[in-house]
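See the structures that follow.
Each of the next two complexes has chain A plus one more chain, namely chain B in the first and chain C in the second.
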Partner chain A sequence: MLEVADLSVSYGGAVQALRKVSLQVPEHGVLTVLGSNGAGKSTLLRAVSGTLGRHGGRRDSGTITVDGAPIHKQDAASIVRTGVVQVPEGRRVFGRMTVEDNLRAGAAAARSRAAVARARERVNELFPILVSRSRQPAALLSGGEQQMLAIGRALMSDPRLLLLDEPSLGLAPMMIQRVGEIVAEIHKQGVCVVLVEQNATMALALADTAVVLDVGQVSLAGSAAALAASEQVQRLYLGHGAQAVGPEVIRPDSTDGSVGDDGRERAAGTRTLTRWQP
Partner chain B sequence: MSRAKLPGLLGALTSLRRWPTVALFAIAVVIPFYADEFWLRTGFAVFAAVIGAVGLNLLSGTTGQLSLGHAFFLAVGAISYSFLSGEGSGGISGLGLPPLLAMIIAVAVSGLAGLLFSPVAARVRGLYLAIASLGLVVAGQHILNTATPLTGGFNGRSVPDFSLPGFSFSDSDPDLTVLGVPFGQAERLWYLGLLLAALSIIFANNLLRGRSGVALEAVRDNPLAAAVNGVDVAAYRARAFLLSSMYAGLSGVLYALSVGSVAPESFTIEVSVQYLVMIVLGGLGSMGGAAAGAAFVTALPLVLQQYSDSLPFLSAPGSGGVSYADAARFAYGAAVVLIVLVEPTGAAGLARRARKHLRGPASSSDTNDRERKKSTSRTSTQNSAPMVAAAVIAASPDTIPEK
Partner chain C sequence: MSTFLSLLFNGLAVGAVYALIALGFVIIFRSSEVLNFAHGAIVLLGAYVVARTHDSLGFAGAVVLGVAAAAAMAALIELLLVRRLRNAPAISLTIMLLGVDILITTDLTRRMGSDILGLGHPWGADVVSLGGVAISANRLIAFLVAAVVIAGLFAAFRFTSWGVAMRAAAEDPEAAQLMGIRLGRVALTSWLLAGALAAAAGLFLTGSPTPGLEPGIRTVAFAAFPVAVLGGLDSPGGALMAGLLIGVSESLAAGYQDDLLFLGRGIGEVVPYIVMVVVLLIRPSGLAGTKELNRV
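Let's turn to the complex of A and B:
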């Protein structure tokens, strides 16, 4: 489905955000991208969705292909038309517009009225809350509802691949679980997902495969279960062995305590971890 | 939604859901039977400004692109019309085309000028576009002053009367009397202006309700989110600019017809600023508001001039006191400050409040929703209105005279 090969990205010609990153999302797959702040997770999604330029970034080398067709030279709007849609970090709903108009804006790249109607039906089923709020301005929705709206808006163009940038950001644990269920449901309906997350518990539970980015490079890759079981991921992202944490992992963004219990249960996965060879 | 499917003018009028709009239109239709020529001429100038303000509002209010180049496109429309329909004489050339054709081509030429500039307009946003478009006005002034065969140079050139085949918008040809009222040039132009202004507003409102309107608002609210949802941000910005310049072109043609001659001083940076004032006073993003703002800014100096003899605080221009032009500037300068402080959504916001009062507290949940929508759109416009106001003040130190 999606294949990223040897992708290098820099900002302002000075900051190297990604170095020769390669990864694949298989057909019907869910890929989770873990990593601390500044590891290049969002940069990766920006590169795929063609919005690097809006952040002052530039693709230096490497290719991005969807079903074999290169998309790295296309602009954001035509990438959406190929079926790759990003839910940007921080939701970014159109605050002044109603929920209804937000969804209409999401259908900007839709091919036909029938496609819009179908997409609308799916969004209504997934997010009944948006139906009851359809005439309200999006700025008045709660954080969780805004995240639903952002996902619903992305679904309006009937994507084949959904890029989710930290959908759990700033949400209560219960809402995080709800977002996780929704992503799982969307995947079940046949949409590939790339999930960038700091909440590793939720992200690894959803994914088939996962990669860990570390300062712009892929440091670990493998099946989600294997990564969940790996010592490093447990230590850095699942909140285990806090007393054994070395100085190099004391980072302000390490996972909050509320997800630790859940993560412990997940750690029972088999250890088939492969060291990533670039 | 079925309302949107009603055809034509009827549908447009009912879909506005505002009987005040319909009533206002009806009043405008009967005014020529009662008002004298001064008011009709003022009204025609207002209609011209309404079209320009609606066009600028599409760009600045809806798409969030601040333009100070509006005067340039007004000039392109006005000069093109005068050149195309005028006869050449005394070093000034003209093509002598039928005025209707000249008007259509003038709008197209303004659109073309907008199209040539739109690659710039598509790439810069907000205040940066204001600065870039400022260059157009400066260049425009130079062209207006030097391209004498086209523009008439410093003294300008006269503007031929408008006419349709078999019907002239002058005092005769054919002589026309309706219900005992002789229809001279002022009456005829009033209806021409009313029709074109109404069509301009209806077209803009229809555009806003459709898919393009949603896309333009998305570009304004968050260009990045718009881009990742498949809205071609650059293309929509360019289209908004194109449309706005065509509106300005038509507005320029009507302005030229209302004044009867065009000279460089009619298209200075101050005119651009006046248009920004119109849309801030009326309420960014509201087409009805833009019309109200245009009426206020355009009519006020004319009315003060007309009645300056009977207003004790006004003195004749040049005599040292406050002239009618100064007073009008004071008035709208004060109005801008007041609006930004008290009601940043402008006249449109005031009208909403009034409607809310009339309707009484919370008549239905639907009303609640709508009011809630309005209250946020108000807070969010609070962010952009001061920005526009700052640009207004920065760009035009002489808006408020130093006295």
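Let's turn to the complex of A and C:
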């Protein structure tokens, strides 16, 4: 479905945010991308959805293809029309517009009225709360409801691949679980998913495959189960030697000077993960 | 009393025309985040094309051509200049648009010379009586047309996919792009529409009781600038409110200027700016503007 090959991205022509990143999302697959703050997760999604330019970023090399067709030279709106839709970090609902109008905005790239009607039906089934709130301004919804709206809005264009950027961010544990259930349901309905998360427990439970990004490089990749069992992921993302743990995931120490999208170097401390052998 | 009512009607009519121009400012500001200082020139261009072609094409044909020319000029400014400089600081864009305004106006002024051109309004200088109050037919028609156009525009904002796309793009351009909204197309249609509105306004600003089209019309069109600022720049509803408020204040101040002589002659012309300053002192983001706005 989605294939990213040898993707390198820099910001401002100087700061390297991604270095030769390669990954695949198979047909009907769910891929989780783990990584600490500044590992390049959001940059990866920006590159796929065509919004790097807006952030001063540039693809230096590498390709991004959907079903074999390159999308890396297309603009963001055209990429949506290939069926790849991103739910941005921080939800980014249109707060001054009603829930209804947010969903209509989400249907901007829909192929036909019939497709919009079908998508709307699916969104109504998945998120009954949005039906009862349809006339309220989105800004008045709770954080969890806004996340539902952000996902529902993205589903309105009937995507084949949904990119979710930290959907659990800032949500209560109950709500995180609900978001997880919804992502699972959307996947069951045939939509591929790329899930970028710091909440590794939820993300690995949902995924078939996973990659760990570290300082802009893929440091680990494999099946989600294998990664969940790996000592490094357990130590960095699931807590020391833990089995599955609650929503409080221990994150790598951010005081070690981790590389951000702004690309400062970091100490090698958290870079001890085994290199990925493709 | 009848003087007051006459001034009030006149003020509402002129205010509605200001609102047409101010709505253009607002639509452009929302889609391109820039103040179109070339708007006065576009008003002038629309009226000029009608003035030059109404003899050969008839009034209706000339109006269609004038509106199309103004819309096309606005679209060209967007496509050739604003779009290419979209990452430039807002101040550079603003100064560039001032330059465009001067270029277009200078050329049109040269073409007009010292003539005052008629636009061939079929209603000429007719005066109608409305409940015993005399008002020029031009002003009455201006009010009615502006009311219909503005109502249509508000309905379009609210109900059409273009309106939804435009509001989404104005609120969060990146999120709008991620939903597949083509920002370039939204901006282009906004400029087209703003140009058409400017031409419609020019058509009525040059009618009775003003003598006709002369370059000074651009200054009158500039009164719509405080209207847009007063309304809140990003609020179409605010532009409408502010247009009516300024139209009425201007008309009353001009009508009663004999009683306001201590302020000097010609108070009507500065009233829009006085109202703007007073309102902004009380409500810094305008009557209905968004508080977070920070670009010029």
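For the reader, a short list of remarks on this structure follows.
Keep in mind that, in the parts below, the second predicted complex is superposed on the first by the 242 of 278 C-alpha atoms of A that agree within 3 Å, B and C clash if a C-alpha of one lies under 4 Å from a C-alpha of the other, contacts with A are read in each partner's own complex, and residues count from 1 in each chain.
Definition applied: contacts are C-beta pairs under 8 Å (C-beta built on N, C-alpha and C of every residue); 3 or more make two chains touch, one makes a residue touch a chain.
What you see is a predicted model; the values in this text were computed from it and never measured.
When the two complexes are overlaid on chain A, chain B and chain C occupy overlapping space and clash.
Within the superposed three-chain model, A:R118 lies out of touch with both chain B and chain C [touch as defined at top].
In the superposition on chain A, contact of A:S157 is made with both chain B and chain C.
In the superposition on chain A, A:H28 contacts neither chain B nor chain C. Contacts of A:R104 after superposition: both chain B and chain C are touched.
By the touch criterion defined above, A:A77 reaches both chain B and chain C.
The interface of chain A with chain B overlaps its interface with chain C at residues 49-51, 54, 75-77, 80-81, 85-86, 88, 92-97, 101, 104-109, 153-154, 156-157. Chain A meets chain B in the complex at residues 49-51, 54, 75-77, 80-81, 85-88, 92-98, 101, 104-110, 135-137, 139-140, 153-154, 156-157. Contact residues on chain A toward chain C in their complex (touch as defined above): 49-51, 54, 75-77, 80-81, 85-86, 88, 92-97, 101-102, 104-109, 153-154, 156-157.
On the side of chain B, the complex with chain A involves touching residues 211, 214-215, 217-218, 220-235, 366, 369-370, 372-373, 376-377, 380-381.
Listed in rising order, the residues of chain C touching chain A in the complex are 161, 164-165, 167-168, 171-183, 290.
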